[in-house]
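Sending over a structure as structure tokens; questions will come in a sec.
Should a chain be cited, it is by its letter among A, B, C, D, E and F, assigned in written order, with residues numbered from 1 in that chain.
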């Protein structure tokens, strides 16, 4: 458990999820957790219409992909994500990187790097 | 990327979200991620009724607001949140503060503090 | 605020949530945040059927339970979780441990360990 | 039994069933448009109208509306508790079906009218106040107005006002009541539209369109050509209303929406309700187009301009398109379509138009004043409006101890 | 064709359609009340009843229920495969419509009865066992019981039992079967109510109310005054049931709920089913009020007390309100309402009440015993109950390989 | 009015209402099967068909389809704008109801046919192109084909083709059009099935089953024995289709699904549409069983094999089961069931089968070619298909500026 464990959160449009998952598979990401979130950043929402009235939607539907890695270098993961999601437009998404103290797999009790294998 | 990047998670009632967002806007928070969660704390649920039978609901609907900041001081953010959400009753919510290792904006490849501008 | 505050994320099947909550109650966990997520790990999905056609579902419905603790030892929490959720099969779930910088309870302004009491 | 016609009996039973089915439809239509924390509260408004007015009607409502006339203003209580109302025909109202079936058919009108109003004060009215309002409004507004227009001896009926299926009685009265109630009860804290489930609202709208065939074709009270004409004018106006509403959206906002389409259809249906059995299909096309257009303007222009919080547009839809429909009937009605009707302006008859102006005026004023008085009276007994925290938390949990959806699935 | 009356034909077709529509309604009603992981399983119970019993009925069911009598106990197989059942009138059953239309109308009763039971064992019955249960129960319980009460020569019919639209045949039998099945199959691991989608359940309830007009008014089998009376008593009892149930909630829990309102309406509808064409609207008001009240007590007091897991209250609603309705019919029936009926206790006739007690006893005992026997027999062939992991994972995925909603939108 | 029969008038009004209700049903059926980001777009396809074709029909559609014959190929424009179409009977089409009611009844067929096609190109067609397609296809394909089969003087009618309720006109034409449109417009970027709300789809399927009684029984155009027969064959085929589809799933995938059950029912309904009033209930059982089976094979085997993206199986269901139904009618039809019909192969008549082969061939070829031409013509004026980003973002937001569900509840 001396290896550094890192969590990478990717927040992007739900429509890009399948493409992203396909590419992550290729670099050997073995696990991930995905959730529906809503968010705003530079991309500050859009207009929707309700019975003729424009309504400002501030929070857009986004998807958050959490990936905890140890052996795969963070840089490689980040590069891959950037490659898949990049279009150059705001709304491409954001990546957040965090430290992880430990990981435990319940089914066999392994911890740390072993739990991520 | 020498600046400290911090993530602040605010968990509160969904009904306070709009007020909170209005105030955060004012102190210059540029991005946030919001998700539906369920939670319990001191506030230990309430009763609902099903065909005449009371049912204990342990987990209440809450909203989690994640804000990653760098230039805005954490204290200022926390104070603002406290000001908006405070009523003095349990259920006002909780704030959790975490360290962030890095942030990357995909659309232009900026990292760290630049990615939060 | 000198005590170490830790966040433990448990990701497991939604069907185990009630059992888990019952046990956590017993060891004195006072607060938690639960959310619906989808995930894959060693357990790589299942098949569903759509009008006679098998469809590979890669992301399974999971539940994420976030618990921030200070006085309760992390080990004790992890052991309890392992005890409840363990069946020895993949899909039992995973535990992630993170450091927390601070916690603030809004209703009374307490911070750190006090906010978790 | 004498004079009874089985075909007409079956037809009116069918029609009454369809109108009852509009209640679940309305509950979906309204429920889909509110926030998810208020969907049960809105739903309950419709179902409570069904439960409560179904009883009020057989106890006193029917008698007040259709009972022996008193000065053209209201029916006597002679038929309260359905006394003397039975299986024989009452030729004043329907020549070929049991009197009791007429009661049932009309009951559903009273039910739906009361339910429609609730859209105006959605997401903020207290439940006890709502129940009181339901009973008082139906008794003191709906029943007399129905008598004026439809009751044997009613003064507007005598005047020669034509209201085939409730353009005045149902639509104008509910729309005006909604507007007044919205103003008296006041704005929601957050008035930004936030519909939580548009497919639910659209299903509701679709059910309303379906049920409206019972409403309008059924108002012929016989399976005859008038019913057929009403069916076609109803469908045509609905289609036309949908098209004009969505076209306006498309032109102005560049986005044709699904909820707009269905809202326009409802506006078209509202606007044809008064004239369905009196105008030609061609006229109904124009009536529907204009109905959708006016409703669009009322909802998206008038409401923001005046700032009243008619939450789900009871007034913007039923009030506005209802008044248009009443005028349009006076323009397009033709005795060629229905010999029991009259000719309208288009066919050179000015009188009908004058009478409809009088009727609109009378009903708007009476409904507005009485709705106001009733709400003020209720507010002496119990608070009309939810507390700020109740509104914020959502009426489902705070008033009804119930949440619509289970958050963790 | 001779004796046929077009108005009645159209009316009964309308009625049969409405009853069929109760199946989607029941599927929503039940589906909304289960956990989201079991909604398709519950839905399928209703739709399978429709698919399977529709066929069982024309193959053997109809003949067993309505075929030439054998000792008052059951019909012969003479009409199996609809042999000799055609377009001419069968005056034993309906004097003015084709025999085949009577078959169709009655088919829908058999379908819905089997579907109602499934609420009792929701969230835990294996699918093959359910299918077997469906066929066996309908064949060995529903068909004979229907024969006793409605079949020409049936012993309870001979005795003079009145069951207008299935108070005994549909409601009591399904309710009792539900109770026995819930006990035999056992409790769910987690019995805490956890309805995943209340608006869905309420829509289902609304559709049931609508469909019940087909059920009850349709049971006149002619577009006549009896149908009209049944329509009004049905609507009145539903409204009264809703009001008494929600009032009890309000008094006891301080919270009037939407699901409670609709549940009360269903209880009211159940309780009027047996008497709809025999009692006055006034009596139906009382019948509905008491029906809602008893159902409230059964669900919120009796069930926790005895601890059986009647998951969606097939017994608490249909059994309890059904028995009440059977008694109430024997109290309130009046030959003034329906000359083909009888006078009840209230009109000085004790005999009807005695007969109804006998009928209740016989049907409760027969249904309970046979349901038990059928379940035990099935358990010799295949397991009744899902494995613990299947139940925990949810029946939708574990049994049907399908999930109702897509988690990521 | 002369020759009018009130019972038939009421019955056909009832039937037309039910068919209209299939539009909300279809919208749910399709809407539940698409991704949540496209549900409003799919819903709008159905509602737009209702709004637009309701008007097209009274303007020109009815006249093209049923107006005075021109060489057996198409009706003249003599009845455009419903000129000369009124309350008197048109004995060519229906002997006992107003001509105008026949117009209304047939209108709903035109509406639903156009709506059915939209399942094939769900999730990727631009809205303006869709609207053009709707009008052009209905005018240049539906109207002529309806004339061939049902119009007085239509060449296939003359030939002796039997199409009780639209097996050719509705089902085959929409199914083939769907296939061609799916191919011309091309595959979605992601074709993996991803139904977002199966209970919604199942409710839609249930409403379709209900509405189909209006479709098929209503096609008797009179409340008579033929209608009764059609009712029973319809219900039987639906049940049988459900059972064969789910049985295939069970055998092959080991999982009987809810959506499969309902899909099979729809296939059964499609396959009986052409023959409902001509075949016996026994035959309908076989027709339904085979219909469900073929549809299962088309959807789960044929489609992946050939790789066309018939998104919601307009072809797999309506095309395949429709063609089967047309053949089956030619096999099982019996003049004992309907003297206005003919005997099929089974009763020794080869000619009907030959004629049905000709009709299938003609309609398949004509529909395929015309659908292709229409789409190509539209593509000269406006793009058929959404841009990649629009498709990825979802049609609801990108085309309609609307999202179905509010993400944060």
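Note that contacts are C-beta pairs under 8 Å (C-beta built on N, C-alpha and C of every residue); 3 or more make two chains touch, one makes a residue touch a chain.
The structure presented is a predicted model; accordingly, all values stated were derived computationally and were not measured.
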Chains contacting each of chain B and chain C, listed by label: A, D, E, F
Pair of chains joined by more contacts [C-beta pairs], A-E or C-F: C-F
Whole-Å gap separating chain D and chain F, where each centre is the average of the chain's CA atoms: 33
Centre-to-centre distance between chain D and chain A (centres being mean Cα positions), rounded to whole Å: 50
Junction residues of chain D, two or more chains touched: 5-7, 10, 14, 37, 195, 197, 253, 255, 257, 259, 400-403, 405, 408-409
Of all residues in chain B, the ones touching two or more other chains: 14, 34-36, 38, 49-50, 59, 61, 98-99
Chain contact graph, described as a line, ring, star, complete graph or other shape: complete
Of all residues in chain D, those that touch chain B in their complex: 37, 190, 392-394, 397, 400-403, 407-408
Chain F to chain E touching residues, read off their complex: 5-8, 10-11, 14, 18, 35-37, 194-199, 202-203, 206-207, 209-210, 213-214, 217, 222-225, 227-229, 231-232, 235-236, 238-240, 242-243, 253-259, 261-262, 265, 281-282, 285, 405
Touching residues (chain side chain B, partner chain D) in the complex: 13-16, 18, 36, 38, 46-50, 57, 59, 61
Interfacial residue positions of chain C with respect to chain B in the complex: 7, 21, 30-36, 68, 98-109, 115
Partner chain C, residues of chain D touching it in the complex: 408-409
